[in-house]
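Each in C-alpha cells, the structures are laid out below.
Next, two complexes with chain A in common: one pairs it with chain B, the other with chain C.
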Partner chain A sequence: MEQTIFYILAAAAVLATVLAITEKHPVHAILFLVTSLFSMATIFYLLMAPLVAAFEVILYAGAIMVLFLFVIMMLDLGHPEKGLAPHWKEWLPAAVLSGISIASLVLVIVSRHAAPAAPAAMPTIREVAVRLFQEHGLAVELISLQLLFALVGALYLGRQAKSGDSK
Partner chain B sequence: MTASSVDIALFAAKVGLVFFVILTLAAYLVFAERRILAWVQDRKGPNRVGPFGLLQPLADLIKLLTKEDFLPSAADKWLFYLAPAMAAIPAIMIFAVIPFGAPLTVAGHAVPLVVADLNIGLLFFLALSSIAVYGVAIGGWASNSKYSLLGGIRGLAQLISYELSMGLSLVPIVMLARSFSLTEIVDAQRTIPFIIYQPLAFIIFLISITAECKRIPFDLPEAEGELVAGFHTEYSGMRFGLFFVGEYINIIVLGGLATTLFLGGWHGPLLPPVIWFTLKTLAFAFFFIWMRGTLPRLRYDQLMHLGWKVLTPLALMNILVTAWWLMLKNHM
Partner chain C sequence: MIVPFEHILVLAGLLFFLGMGGLLAWRANLIMMLVCIEVMLNAVMLVFVAGSARWGNPDGQLFAIFIMALTSAEVSLALAMVVYLHRKKRTVNTDMFSEMKG
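The block that comes next holds the complex of A and B.
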C-alpha cells in the first residue's frame, strides 16, 4: 500500500519537475514546481519524517515559490516565448556536471541493492529538536548567521541601485 | 494496520459528517452575515424564502448552479478553472486536524472527534494556509484582467505578510503546551485557557486571521470600491460560488482554530463538548461579521505597516518574554 503510494508520488514528482523545466511560461513552471515539492513533502511523510514534510510545504511551496510568483506577476515579463535560448557553451558544463552526479547516484543505488529498512517509529518533534538545538546548536547558529549575512548583502545591493537611480 | 471494518466505517461516517456540517454551516453563514449586516445597518435583509428567509442559501445555490459558466477571452483556461478549487480545498482540509469534541466510544470502538490527530497538527495548518495563497494569486492572474491581477497581487502580498505574524503568534502556545498536536494543546488547557496567559498572542492571532480571511478591514484583494471584485471579478456561477464558500469555510476553520488554541477548545462546563466548540467557533464568526459592519477598510500602506512593523515585532517580543517567563518559572 505504502509502496504503491510512494511510486505514484515519485512519478508525479519527476514528471512535474521535468515539466517545470520544459514549460516556457514562468507561472506554469512555478505551479509544476509546487506540485513537485508537494509530492516530495508527502514522500517525506511516508518516510516517517513529518517535520521535514511540513517544512518542505511551509518554506518551499508556501513561501519561496509564492515570492517567485509575486515577482513574476509584479514584473510582467512580457513574451516568455521569446526568451533567450542558451548557447551550447553555456549549457555544456552544466550538462557534464549533472551527468556526473546522475551517474554517481545510479552507481550508489545499483551497488546498494537491498533497501534499508525504514525506522520503526516516527521520531517525535522533541527528539528532533533536542538533536538539532543541543547536539548541533553551533551549526544551526552559524547557518542562521550566514542567512543574516545574505539578507544584509541583498539589502545593501538594493540600496546601491536605488541611490544610483536618483542621481 | 489492524483497522477493523467497523473502525473504517466509523471513520468514513465521521469524515462525511464533518464535510456535510462544514459546507452547510458555510452556506448558512452567508445567510447569517446578510441578516446580521442588515440588522447592523437597520435594514431587514433576506426574509422572503421560507420562514425568516431560512431557505435563502438553497435559493442562492440553485441560482449559482444554473448561471452561465463564463471564460474570459485570452484567459488561461486551465488555471482559471482550477483556481477556485485551489482556494477552497486547503481551507476545508485544515479542519482535519482540529479536535471538535471529547473522544467518544461507539459500540466498544474509541472514536476521537478529530479527523486526523497529527503530531505536527499546527504545522499542517500553517502549511495549508500558505498553500491557500495560490488560489487567490492564480485566480487573479489567469483571468487576464487588470482588476483581477491587481487583486491577486494584493492578496498575495497580504497573505504572505500576515502569515508571518500568525505563525509567530502561535509559538508561545507551542511553548506552553509543549506540543504541536492540537489534541494535546486542547488537553493542556483543561483548567485554564491559553488566552489568560497569552492575551497579546491572541490579539495578534485574531488580527492576522482576519487578514488571512480577507475580511474587512483587510479586504483589499476584493476592495469592491476600486477593483470591482478583485481577484474573482471575472468569475461567474458556481466557480464564483466556490471562491465565496471557500471564504466562509475559512472563517469557520480559522474560528475553530482560534477556539482550539486560545479558548480551550471543546472544554467547558455543563454543556456537551461539541456544543461548546460550536458556540465558541460561531462566536468568532459573529465577531467577523460584526467587524465588517463596523470598521472601514485599511489603506494598502497601513495594511503593510501594521503587518510588518507592528504585529511581527510584537509577536517576536512575545516569544522572548514567554521564553524568559517559562525559564524563570522552571528554575524557581
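The block that comes next holds the complex of A and C.
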C-alpha cells in the first residue's frame, strides 16, 4: 500500500517538475512546482520525517513560492511572449547533459545490488529536537545569524534609491 | 524503509538533474534559474531524509531542515537582487547584466 503511494507520488513529483521547468509562463511554472513540493512533502511523511514534511509545506510551498509569486507579479514578468523562454535548440545540450548524468547514476545504483536495509528504529520528533538543540546548537546559532544577514542584505538591496542617487 | 533506498536515490537523481537541465536551458531568465535551483536543493533534501530513514539517524532530517533555512535566506537575497537589477535595467535577462566584464 505505502509502496504504491510512494511510486505514484514519485511519478507525480517528476511529472510536475518536468512541467515546471518546461513551462514558459513563470506563474504556471511556480504552481507546478508547488504541486511537486506537495508530492515531496508526502514522500517525506512516508519516509517517517513528519517534521520535514510539515516544514516543506509551510516554508517551501507556503513562503518561498509565495515570495517568487510576489516578485513575478511585482516586476510584471508574466509575459512569456517577451522571448526569454529558451528555444528548443537551447534545450538540446541541457537535455543531453542531464540524460548522461541520469543514465550513469541509474546504472551505478542499479548495478550495486546493495543488501536490503535492516529496518532501523525511527527517531521520534522528540529525539530529533533533542539532537538538534543539544548537539547542533552552534549550527542553529549560525543559521539564525545567516538569516539575520540575509534580512539586512535584502533590506539594503530593496531600499528605494533617493532621487538623484543612482541611474 | 517502505521502498528500497536505491529507488529513492534514483528519484532524487532524476529531480536533481531535471533541475540542472532546466538551469542550463533557462540561462537567460533569472527567475527561472532560481526556480530550477530550488528543484535541485529539494532533491538534495530528499537524499538526506532518505538516508535518515535508511540508517535510523535523525541527523539527516536535521540537515534537511538546515538546508531549508539556508534556502530561504538564499532565495530572499537572490530575489532582492533580482528586484534591484530589474529596477536598474527593466529586465531579468541575464545577457543584459554584463557590465562587470573586464
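To be clear about the criterion, the second predicted complex is superposed on the first by the 123 of 167 C-alpha atoms of A that agree within 3 Å, B and C clash if a C-alpha of one lies under 4 Å from a C-alpha of the other, contacts with A are read in each partner's own complex, and residues count from 1 in each chain.
One rule holds in what follows: contacts are C-beta pairs under 8 Å (C-beta built on N, C-alpha and C of every residue); 3 or more make two chains touch, one makes a residue touch a chain.
Owing to the predicted nature of the structure, the values given are computational and were not obtained by experimental measurement.
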Contact breadth on chain A, by residue count: chain C or chain B: C
Contacts of A:L67 with chain B and chain C, given as first, second, both or neither: both
Partner chain in contact with A:L51 - chain B first, chain C second, else both or neither: both
Touched partner set for A:S98, first chain B, second chain C, both or neither: second
Which superposed partner A:A154 touches (first chain B, second chain C, both, neither): second
Contacts of A:V34 with chain B and chain C, given as first, second, both or neither: first
Overlap of the chain B and chain C footprints on chain A, listed as residue numbers: 51, 55, 63, 67, 74, 122
Chain A to chain B touching residues, read off their complex: 1, 27-28, 31, 34, 38, 41, 50-51, 53-55, 57-58, 61-63, 66-67, 69-70, 73-74, 122, 124-126
Touching residues on chain C, where the partner in the complex is chain A: 1-11, 13-15, 17-29, 31-32, 34-36, 38-39, 42, 45-46, 49-50, 52-59, 61-62, 64-66, 68-77, 79-84, 86-88, 92-93
Complex interface listing, chain B residues touching chain A: 1, 76, 79, 118-120, 123-124, 126-128, 130-131, 133-134, 137-138, 141, 149, 152-153, 156-157, 160, 163, 178-180
Chain A - residues contacting chain C, complex: 2-3, 6-7, 10, 13-14, 17-18, 20-22, 26, 29-30, 33, 36-37, 40, 43-44, 46-49, 51-52, 55-56, 59-60, 63-64, 67-68, 71-72, 74-75, 77, 84-86, 90-91, 93-95, 97-98, 101-102, 105-106, 109-110, 112, 114, 116-117, 119-123, 127-128, 131-132, 136, 139, 143, 146-147, 149-151, 153-154, 157-158, 161, 166-167
